[in-house]
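We call the chains A, B, C and D, going by the order they appear; numbering starts again at 1 in every chain.
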């Protein structure tokens, strides 16, 4: 499978550079008969979009999706679905002076080492703009998962810099609150503080990292495959492929290191599991509990503060980003992380159906 | 690609159950002309093996590798290399009473939910015994990487329970020390303490988690592919596919969350990078710095302490593992983690060579 | 790999329906640094296009290629190349009355059986219009093969109905003649006869089959992989995937059945092979001789002559195609067959380079 | 997918050389719960085996299958099934003098060009012995197809040299006759003539080609995928990958070239199709009619008659095969061709189930 494609059976291939004429994707292997229209993409694309608040980059893209194929009379036909979004607000001149310079913390240097050539406009293919198409493709995946199985995939910001949500342990997340503020933050009372925090960061010309948690609920037991196709392995790959992600956890994650076995193992009772340190996955296969994944996003390297680097001639230079960037890219990563989880789930659902038949046969279910 | 296969071009397919007649693998796409003999596998297999000290499971397997194909007069021919190891010390009777019971924290329940049938002997396919073949396959990968590029892939235990290595920040790991104790621990003075710690744990019938760090040095710049085939994405998948792994970090990992962009971004100087928070990977492609990956391993669920669970009839039961198990599976994970990193690297090296030609053309190199 | 993608390393994913808004493709894994501009596609697309003579369908499509990504300042960058062609002359009303009817010899019935839904406009995804993108993608493949290895991939019509080229056995094909007539026919003197033949066929409202031969010359020895990735196996798949193809031959093909081993085996002499019954491939790997492949194309089922069929209600109906169709689709198949051969060759070339290093090491070469 | 693997979801990876210690395969993605035991492989392996009559090679292999994994209490568990057959009658000394010589018509020269090294014993990986594992793997595929859908995949010899079965056009094949003679020949009365024919050939130290037809009956409509994953494209690849195959036809095959559209298109009537020139496949998807495929096998190049070739030094030499070989390899190709058709069908069946759900929903069926 090509490296710009994702998924074995529900396969999404994306293309496009940040400041090229367009970005797009081709979705192959989609089940037929799913109702889909251009306006269905608006909600999630808007959640991911820049320019919606002063806390994200000020690039304004309409992100209007054109469906080029695979949909007939607003239903998927089973043939490849091509989606296209024209880039409209690409200010390539912002990058002119970076043509010969490798920005620190960016892919400029490595792309150039790999290919001997690179598209310098806005980070080219390495830009987070590519993730727009992941979100678009996942709109269809989420719809199928929700309508067929009741699966819901939802994320929220679980840390920004040193700030954590003021929640008691095991508290249930209120996703209405999450969706009502610009930070996907689960505690409404903390939002003003975050606004000040980000404003100060922007004034300082700096950026900060973030942690995003994703919860997939109502996932049937039995999805995932041993041993390299484990659901958690594929989630790890899917989430780590998002720009700026430096870590992935499933369930208890790194906290498992200092746990005892008697504490970590989730006991089963006749009315369900007693805890969920496993994050809903055992042996790479879902248990029927919520699937829990978390990611760490690094602070964006595109900041106003000057940094030292080298140019093509190997000379020492000072670099200062002028493009429009996010003080915390992690905020907008919430819908992207949801998208990647949804894409992994639909793919595994189809693979499970292939090998074992449709879900829903009579087995005792514990969750 | 099938879910028991790993790698696009250097493809390893493993098979076998913990207590079945044999385990094995088929390696396809191996470069021809690599010198390899049965005894070459002994070193790394021994590092992974159980029964070498009282700190690991007491199962004793000879782990003798038979080369069934793909090698002629001790050289790889380019055709599939099949490796076979017979299981000899499988005590399936230890598991007889677990036939109808789902052990908590194990894959028993999920395999049964998926397939409606499961091999209950020793965890079947979900056993860590499968990882033996990853280590075997990686012996060939490591050899090619080392001989052709000088790449070295080495790991060590970076945390066990709450105990961390007594190292100053940025200290260079002495791998001679790591290889001289049963814990792959980088600080010799702490080993007696660890021995007591594990002994107490064993007496208590419990287990604990661990953190493993892997360092790949001398990796040429340019390996890795945008955007779903990113080197870090594939490392995440490879490492998360190891039994008991619950988290993966690249470079600064979750610590990035509370870093500032001005701190995290690794500045470039004409004599190299000033730091390595990125873990040697930018935009999914190697920069020429050391590739740094870390994993969290959960405490094994196979412990003597009884736990509550349910049986096939859905009744509440008490489960107590009798099989031979590790108080800390994380210890033996060191060579397995190295193996997965090596398998990802050789695969990306071959893919890079396919698209961009052989490494070594004249480009300024910074590292 | 998804079923609308082709190639393991040089991967082409096509999308689009005959009468949808657009057709397009994404090429992933392309070597960087290949000079390419929109006008480079015109020549081969024109060779495949309809409406160029009275002997093909009268649909007129501009077939203007827009490069959406992967090319910067007219050079490939190594990232996915997306090509887009808008459909402009789609007359869907021609198909209105076929909405509920399965045309005999078409994919109408099978698509509907598979998906329970189908795009009836002009055959939808099953239309030969899809092959436009194969030809476009192969323009880049052909360029790389020619510039790097001197490989040339050229085809011609080797039979139309019962008419065969008036050539002596073993005659060398003059491709200047082939390219100078509307039939890709290698004997100029027969062209007037073919014109009359096709005119009569059109008047009769009927169609006829064709045979296309493709020759790839200057192919280095060593391309192709055992045992399911054999070059001939992949050529067979690639060529059989072209609309209307019902047979594929390599070298002597079906004539081998009545040959003796002493006749068929191509003896080697110090100055080269004495014959080429193998078609340049032994054990799935190129020998350095010309690679020879042939295909059989059925007569198109879209003809004016009425035919019997059934409708969605299962009732007997009479069907008569009104759309614009070819009396012999085989004619336009020449550039499509070349394209598929070129796509197979570039993919195998990259795979060979991955496993065995760049071509050109010192081995005795016989061809 | 690696080149020694076949199938996207029901994936068979084979390994082993003709005269190495063993051959084997790993089957991944197999549906769970299929009853399978070692003795189930005997029938088809015996049909493919050498040494059963004087008309095939005199190599005698027990072909005893050891099941190494994936089967528990005689049922498939859904995990990888590894099958192993030890080579017992490998006389490598027969090949000693061929070490430095490239046999004409063999893969000796091309393997050496590709890899710079080759296993010369009995053709190594290029030997038809590899096909044993295809037949073994297909035993499971055939069982699932038959038990779940009633699909039967059966082949017969349709031509040997210039001899064709004495059958009237459209005659139904009697597979009891086919299975009752050493030639898989459908007309009992011709068998004595074939015996004489092959005996004469053997005496002459020569060989001859053959044509094999395969019929898959009761295949449900809807299997196969546009556009590169067409069922006929995958059959072409699968069949062309068999040693010595030089041509593949679906349905009318090359005879389509001289047909008219009004003749070739299979009209639909309310009680089914009126003919089957398409070979049961339209647009790459099954129609519910019998799937018909044919292959051409070249005469084996391993014959007693001396042939001219070159050696490693590039010198002209005379080669005479001493190994035990078949005067007509095509005879034993019948079960191999069946196997490949069955492997393609099960794979497409699983893929269809993944995308479109289980077969059997209410649609009008015409066949």
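We adopt the following convention: contacts are C-beta pairs under 8 Å (C-beta built on N, C-alpha and C of every residue); 3 or more make two chains touch, one makes a residue touch a chain.
Since the model is a prediction, treat every value here as computed from it, not as a measurement.
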Exercise. Using C-alpha centroids, which chain lies at the maximum separation from chain A?
Worked result: D
For this session: Sort out for me whether B-D or C-D is joined by the greater number of C-beta contact pairs.
Result: C-D
Exercise. Between chain A and chain D, what is the gap in Å from one C-alpha centre to the other?
Worked result: 45
Seminar exercise, completed: Cα centroid separation, chain C vs chain D, in Å, comes to 26
Seminar exercise, completed: Rounded to the nearest Å, the gap between Cα centres of chain B and chain D is 39
Exercise. What residues in chain D touch two or more of the other chains?
Worked result: 1-5, 8-9, 14, 29, 32, 78-79, 114-116, 125, 226, 351, 356
Problem set entry | Complex interface listing, chain D residues touching chain C | 1-6, 8, 14, 102, 104-107, 109-116, 125-126, 130, 159-162, 206-211, 221-230, 232-241, 245-270, 274, 277-279, 281-288, 296-303, 305, 307-310, 312, 314-316, 330, 351-352, 356, 361, 363-366
Problem set entry | chain D residues within the chain B interface of the complex | 1-5, 9, 11, 13-17, 20-24, 26, 28-29, 32-33, 66, 68-70, 72, 75, 77-82, 84, 114-119, 124-125
Exercise. Which of the residues in chain B end up touching chain C in this complex?
Worked result: 8-9, 29-32, 78-79, 226, 350-351, 353-358
